Structures are given as C-alpha cells and as structure tokens.
Amino acid sequence: MSKIVIENVSVVKKKKLTPDCFAITVAPFSKVKSIRPGQFVHLQIPNCNLFFRRAFSVYSVNTEEKSLEILFKVFGRGTAAMASLKKGNRLSLLGPLGSSFRKPKKNELIGLIAGGVGFPPIYYLSRFLIENGFDPKKLFFFYGGRGRSDLIELARLKKLGLNSVLVTEDGSLGIKGLVTSAVEKWFLENKGSKVVYSCGPEGMLKAVDQLAQQYNIPGQISLEAPMPCGVGICLGCIKPLKSGGYTRVCKEGPIFEIGEIIL
Amino acid sequence: MTPDISVEIAGLSFKNPILTASGTCGYGEELADIFDLSQLGGIVTKTITMKPRDGHPSPRTAEASSGMLNAIGLANVGVDKFIEEKLTYLEKFDTRVVVNVAGTCTSDYVNLCARLNDHPRADMVELNFSCPNVDVGMEIATDAKLAEETVSKVKKVFSRPVIAKLSPNVTSIADIAVACENGGADAVSLINTLVGMAVDINTFRPRLTNNTGGLSGPAIKPVALACVFKVYKAVKIPIIGIGGISNYSDVIEFFLCGASAVQIGTTLFVEPDAPVKIVKELKKYLSKNKIESIRELTGKVRIYK
Amino acid sequence: MTPDISVEIAGLSFKNPILTASGTCGYGEELADIFDLSQLGGIVTKTITMKPRDGHPSPRTAEASSGMLNAIGLANVGVDKFIEEKLTYLEKFDTRVVVNVAGTCTSDYVNLCARLNDHPRADMVELNFSCPNVDVGMEIATDAKLAEETVSKVKKVFSRPVIAKLSPNVTSIADIAVACENGGADAVSLINTLVGMAVDINTFRPRLTNNTGGLSGPAIKPVALACVFKVYKAVKIPIIGIGGISNYSDVIEFFLCGASAVQIGTTLFVEPDAPVKIVKELKKYLSKNKIESIRELTGKVRIYK
Amino acid sequence: MSKIVIENVSVVKKKKLTPDCFAITVAPFSKVKSIRPGQFVHLQIPNCNLFFRRAFSVYSVNTEEKSLEILFKVFGRGTAAMASLKKGNRLSLLGPLGSSFRKPKKNELIGLIAGGVGFPPIYYLSRFLIENGFDPKKLFFFYGGRGRSDLIELARLKKLGLNSVLVTEDGSLGIKGLVTSAVEKWFLENKGSKVVYSCGPEGMLKAVDQLAQQYNIPGQISLEAPMPCGVGICLGCIKPLKSGGYTRVCKEGPIFEIGEIIL
C-alpha cells in the first residue's frame, strides 16, 4: 500500500483567528493515523492560478473524523485564496510528507520553541508527547513573536497544562525580548539533560541552532523552503549541509538535527 | 475488447507509452512510495554524469504561469553510485529503465555509456544533449555535426537502443533530429526545457541563482507538439514526446503529431500519481473510440491543405 | 513627488512605456470604445502588407494553458486603405503610432516604409521579421544577413526611427539583434510568438487551419524575459520587451532585464483595459519604492555570480 | 465615456432549469440600460484555469437592480465551472458587446425562431418588442428542440402572450418535426409582409437562412463562434461573407442579415 496518497478533501471547519490567520479542518483523509508531529501536507489551492501546491504543517488530527487541521497566515497569493475558502469547498491533498520529530528520552526536559506560524508543528508535538505519556511538567513551551497579536491560540496552548513562556519583542505580552534569551535562561537554570524542538522564522531558528550548539543541547528544528513537489523528486527545496552538499527539506526534512544545516 | 496500449521503440516493448521524464522522478525511490513503478511503461532516470554533482545553489526552481523554471544544474550521484545503488534498486520493478546521461564532451557520453553497457538493467540510454542550465551539453544540442558524431560514437560502445534528447532552443530542431538519425540514434526524445527567466521585483534578483533556467510544464505543450510534428516529417526513427503533458488527452495529441511514446515531467510535481491515471484514461479513450491499439495513432493528425 | 514613467526610444519621447502590440489592438478603433487611446505610450498597429489580405480561414485562434495560439495569417486592410483611413483615424489621439509592416522580401519592406515616410503620423515603423504563420518573413527572422540588409535598406527610405521585431524561434536571438543593430535599427522589439500547435483529439484535426501557429500570453513570459536579458547584453540600442505581460510587475521584470519600453499583446483579449491599470500601478510601485524614473530600472537586474 | 466596460459583478440569483441548464443573474453592471436584444457579455469564469473569457447572450435585464440574466447549458470546462457558481461569487464582466437586432417595421408579422440555447436572445427580443409597443398577436415564436427537455422556460415564454409554436424532432412536445417546417408552413399561410429573427444551432440557422431567402423574407440571425476577445481586436471569430472576405462575429455580429454569411 502507498505510504503517500493524493486525495480530495473538503473543508469541514474554518476559523478566523486574527485578521490574517486562519485554522481550517479538512476531511476525510485516509492516512490521518499515520501522520506524525512535524509532518506536512501539500495542498492544491482552488480559485487561484498557482501552478505549485503549497505546504502546511499538520496542526492537529482527529482519527475518528479522519480530519486534520492546519493553521495558516495570509502571506501571498496562495494563502490569500485559502483565506476565502468556504465550508464544503474541495481541494486536493498530498501527504503525509516529510520527516517527523523524534521522541525525547524519558528523563529529558523538553524545550519547545515556536515563533509565529512555526506554532502548529510545535503545538502538535507537545500534544502528542503528552498524549503519549510524557509529563507536562517536563515540557517548556517558549512562544515568541513581535507583539501580542503574533501569539495565537494561547487558550488552546494553555489547555495542555505544560509550562509556557510567552515572549514578545515589544513586551506587549509576556517577557519582553527575544525568545532565545528566555531559552538561554532556561538552559542556565536547569541542570538536567535537555532536548529542544523548534519551528519559526529562519532568523529565530538560526539563533536557536547556535544557542543549542553552544550549550551542547541536542534537538531538532523544522525548516521551510519553497516546495515545488514536496515528495523529493524535483530537488528544488534544498538547504546546504554542514557535512557538504545539499539536503532536501521536503524529504530528509523538514525536521533536521541541531547543527546539521548551514542556516 | 481491451485496447492495447503497449508500444515498441527500437525493438523494445513497453507495457504502456507512459514514461517519467529525466530529472522529474529522481531514480524512482520517492515515486515508489506513491505508486508501484511497475505500472509505468518506463522510467527515465535523472541525468547522470561521470562525477557526482551538487548542482546549483538555492533558489534553483521558480513558479511560472502554467509551469515552472528550473536550474538544478544536473545534481546527481555520479555514475558509480548510480550503478551500485540506483540501478540495483530498480531491479525489482517490471518496467523499462532508460538511463539519461550527460557530459561536457563526446568522450564523456561515450565513457558513461560504455560503463552502462555492462548493466543490462539499463534498457536504453538517453543522451541529454539539451540541458540549458550548464555549459555542458548545450553546444551539442545546437550543433548538428557534433550531435551526429556523439551518437555514432556512443552506438559503438552501447549495444542496446540509444535515444537522443533534443532541445527546442534551436532554429530547426528537425535538422538536429536528422543528424542524430544519421548518427545511428534508435529514437529521439523531445523537448527539453525552453530557456526562460524570472526576476523578483523586490530584490531585483533573478529567481534562479543560475540567472536563467529551463521552462517546463503545460505552458510549453504547444511548442513541444509543434516540434514533434516537424521532427516526425523529417525522420523515420520513433519519437518520444515530452513537454507539458498532464492528462490522457495531451498524450493523444502527441501521438497524433508523431510520438510513439511520451514522458511526463513537471506534472509529477503537482500530481505525482498522474501516470497511473493517464494509463487508465488512455484505455477508456481507446475503448470509447474503438481504436484497437494506441500505436495506430502515431502521426495520424489530419492536417489541413 | 510623482514618479516619472515617460521613456525615450531613439530620440522619441513616450508619455509612458506601455504600448499595445501589433495584431492585438487592430488599428485602435475598437479599443477606443473601452478607453481613451491617449492614455497609451503608443499603439503598434496590426501588420500591414502592400495588398490587403483576408488571412487564414477559421479556426485561426485556439486556447492554450496561460495563453493562446494564433495563425491569423496577417489579415489586414493593405497599405493604401491603412494610410487613408486608419492613420487618419489615429490623428486625434495623443499617443505614439508605430506602424508594423511585413513583406515577402526586402523590397516589400522598403516599398512599404517609403510609402509611410510621407505620413508623419507614423512616428516609427516596426519591421515584422518574425511572423511564424506565413512563409513571408520567417526567413528574414532566422537569417542575420538578410535582416541586416533589410534594415539598412529601410533606413534609407524611412527618415524616422526603425524598430526590428525579432522571433524567438532561433538558436541565438542575440545574433539577429546584433545584425539589426549593424543594419542601423534604432531599436529592437522582442519577442514575437513561439511556434506551437494543438490538435483536437476528437476530430484528429489541428486546432488551426494553418496546422501550426504562434503561442503567446503569460505562458511565454519567461522565454521573452530570457531573450531580452540576452539581447541586452549584446546590443546598445534600446529594447522593447514583448511577451506575456499582464500586470505592472511583469513590466518591471522586463525593465530589469533590459527593456526600455514594453508592448502588451494577448492580455488585451482578456483584459482590454489592462494598459490603463498597468500605468496606474507602475506609478504606485515607483512611488512606494522611491524610484524617480522608470528609466533607471532598465538592465538593473542584480545577476548572480 | 466608454461604451464598453469591464466590471466585477456578483451572482445574485441562480436557478437550475434542467440538470445541465442554468440561469444566473449578476449585478451590479453599470451599463444595463444600454444593452440591446442580441448583444452579449463576456465573462471571466472563476475556478477553472481557462485563459479566455466565455460569451453569453443577455437573456433579460433589470435596470433598477442593474442586473442582467444569462441562461446557459453545460457544454465544456467553462460552463461546467459556471454551473458550480454560488450566490455571492464574483466574476469579471466585459460588455455590452456586439450588434443587436434591428426593429421590425410596424406592419410586419414577426417570426421568432429559437433552437436550444439560442432561446435567450430571441426571448429577450420578443419581450423587448412587446414592451416597446409591438402587438403580441403579430409575434410568432417558433421554438424547436430534439425533445421536450430541450424546450426550457416555457412558462416564462407563455407569459409574453405571443403566438408560440413548439416543435420537437421526437414529437415529445408540440409538433413533431423540424422547426423550419413549421416556419415554412407559416410563410405559406400568412400573406402579409414578414420578418424573421433566429438563433440556435448552426444547422438550424443554415436551414432558416436558406428558407428565408427562398421565400424572400428579410430577417436576421444570431451566430456563435469561439471568441478570444469579444471586442474585435483578435480577428479570431471570423465567418466568411457572401460578398467575399471575412467578418467578425463579435463586432459586426453576432447579429447578421439573412443571406449575408456563408454558413
């Protein structure tokens, strides 16, 4: 049986979270059960003449309804067209795609670092870990943005019962500053063995990557790149490897080890 | 009666006329996660060169209207690793394997094909004379004499069929096709990508680090069809049609203009299972129109005048 | 500060860089029902020939992915009626008039331009060397020597600027451009359509009675941009960019690759008022990016390497 | 002021008349007042990647609502996408386009001959004539189709109070036979001066054109052709003229005199 499938799904739910941020749920997708945190789906967006599909991290899944949720921000033509989707509209979904986050070791403190639209896969990972028996007390969710409007879905995050640290550059919510400063503080204040998982803007990921290396903390980051195919056959979504040559973000990634990629 | 969609190129049979195009299906591994490669008429592997190549830095693809630009720069694992790992991987599938090769000069093509001759899983070789993204090759694609010479030298070292893959970026593609036929090519495949470009108006940067790249996808289908039409009138060897094919109806158009098989490229990036659908729909079309074999359609366009 | 979108080609000023392309705006009458032609930088009239021509029978246009095919066959009213009626009609608009001409041989071009020389409403002539739909012309488009000779003979009889319009269906468009420059062309315009084809799979008939035709529209934009980019590196005379332009952002791309003005063709069929919108949006873009004059952008692409 | 405009309109009403026949009303269009019977509009259809607009005859107008109605049959990709339009969807409309039917002389008996989707312009003309003082008794509406399902909007036609003659090839409704036989009978039975107006499949129009010439009856027909531009600038929509050369269906037409075109 195929690991990756292409299916037509319908929009079953749509929520406007902020003026330019939406969550949509699509169903039915036959492979919901096999989706792992960090994986993404590739959507063909109707009503815009874009040639390529667009990639979106899975935000949550509901195996009974065979539905999956994604969260997106209006960015360009594709996401603008997605914002005008209505319940019942159909679209083609290709997935599940890419690598997923590995599980932490049982004794590790878990740093979850999200920025902006990097939130969905980190949220999904957090929830997945908790549902799979990890102690929420050991999960530290660092959520950064420029201002309070960048930090979406806080109520939902709160429900997970983990430790959350909100950080905004303008200080409008939580700690004022960069999310990496809060993470560094956490590194310094906690002695136990730690692991970090991060997704967010490339600038933030670069800082997280450096910081983790500096403190010798293992972990993974989730990268983005424009993705023509999403399945590894076009060689368009490459990033340079520290070890030389390139790697594909859609196939070897989007989840990479700390220190693996030249950012 | 179930219609016959098998075809024959240079004495080799193909279970159906749908191949995947070089550079758009890797070495098959990724597509195998989506469908059984044995459903393909054949797979044309990513161009291989003597030495492994990383290709151009990012960005090396860009979106276009009904298509895309690429300047991958012939990224590939090199012939050694290709033979060892990739050809071996393909053993298990019941489909034709066409190995696409490129080099900087005639002797590169000859050396590569000599190596491949010892590996019968390479059912055919396809000589990429036409990649517009590296200096390599483009010269042969536009020089009839060089093309003829290269084909004839390859024919001496490779005992199975040899396909010459042609570029549309020439004044007369038919002239190059005739030269390849004279050199002994068993078939020609066409077209490779059209030279194209795109610029980001915010950064003033080209959208490809190679500055220019190759345009592919439905946008180029009419150009590819006209090329097949012209080459069909000029040569006797079979033609494999390539360029913007996205559905069964496109395949029929290519056959009518002179193709004996086709390759699907860029469409795989948007609909990776397109070959499977197309094979099904081709059968339906033939049944509905009471055509016994798809081979009957080659060159059957009813031209005006 | 309102940004300056006026341009200059061969000493002639244009109020803005947006012209309508030959064969896509008739002689202006129909578009004048939609917007005031004085809003255009210029209008390039449908190719005229010595004698009136009906052109090819129907069907002579077909839809394509992000574009269309045409083989109109140079249908036109002939030079006499053109001068008498059409040029006179255009008197009343404050815009540049470029008269596009074609013939079967050099002397046709010379005779047509000699006739037009007496009619100063023809601000410029554009020599259509590149129409792929009639035997006429295509030879000159692919033959550098013939192109040079034709331009230089026309220059002797036409005292205002002469533009040579080039075909992309050649191995090196830059070579042809250089030849035209050597012949004395004041500017080159590019590209004309790409040779293409489409077939109806129900009737097996080509979708054009001419069998093949010219592909135009957004589908060919990347090819046109690459041509402008290459020609800009090869010649010193100004370049008028043509091919798939549908919005202001496309215009900026053409400027960055080397254009000093552009022509809008096929887009007029879908959005006949596109030039008016584009002019507005160009101004907005320049304001927003604090660019004083659009002329600054010509050739400013920041290439890699 | 521009005679022809391009405006974004919304679907304000949509009716399914038969499984593959729909009427949609769009508004607001600033030029509704200047639309004449026989003219058409050129629509850019969303949600399908078609490059060209598609032409549709105006079926009715409502000057107060600034709306116009078109009636269409699902034929190919464009009309299929139109069938899935919903109330509130927006599309670009270019118009009004083409020539219109000329008025009959006051004393003439008026033959209105429609086949299939040729119905809308002939219906609009009939209504227009009646609203402009022509006596419905002098209007003879011949409506032909293969079977009863081809004859749509009969209730609406009836409301006009004109003489209607229904003809089907299979006899499932009205007279059995070809619509031209009914017209010929009318020619023979009525002595007064007559004029005909016709729109329908090309085969029917050819028969009407011949018949009218044979009986020396003046009149007009409405033609179709694939139309890239609809405004006369592409020269793609040509038909050969009896007098030599070609004419444009979108500009000189779609309304032509009987005997003018080689069909």
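By letter and in written order, the chains are A, B, C and D; residue numbering begins at 1 in each of them.
Definition applied: contacts are C-beta pairs under 8 Å (C-beta built on N, C-alpha and C of every residue); 3 or more make two chains touch, one makes a residue touch a chain.
Given the structure is predicted, the values throughout are model-derived calculations rather than measurements.
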* Partner chains that chain C and chain D have in common -> none
* For chain B and chain D, what's the span in angstrom between their mean Cα positions? -> 48
* Per the centroid of Cα atoms for each chain, what is the distance between chain A and chain B, given in Å? -> 37
* If you average the Cα atoms of chain A and of chain D to get two centres, how far apart are those centres in Å? -> 55
* For chain A, residues contacting two or more additional chains -> 49
* List, in ascending order, every residue of chain C touching at least 2 other chains. => 64-67, 217
* Asked: If each protein chain is taken as a node and each touching pair as an edge, is the resulting graph a line, ring, star, complete or other?
  -> ring
* To do: Sort out which chains touch which and give me every pair.
  => A-B, A-D, B-C, C-D
* Of chain A, residues touching chain D in the complex -> 46-47, 49
* To do: Please give the residue numbers of chain B that touch chain A in the complex, ascending.
  => 23-26, 30-31, 33-35, 54-55, 57-61, 63-68, 70, 72, 75, 217, 268-273
* **chain B-facing residues of chain C, complex** => 64-67, 69, 142, 169-171, 194-199, 201, 203-206, 209-212, 215, 217-223, 225-226, 229, 244, 249, 252-253, 256-257, 285, 300-305
* To do: Over in the complex, which chain A residues touch chain B? Could you list them?
  => 2-6, 44, 49-53, 94, 225-226, 228-229, 231-240, 245-246, 251
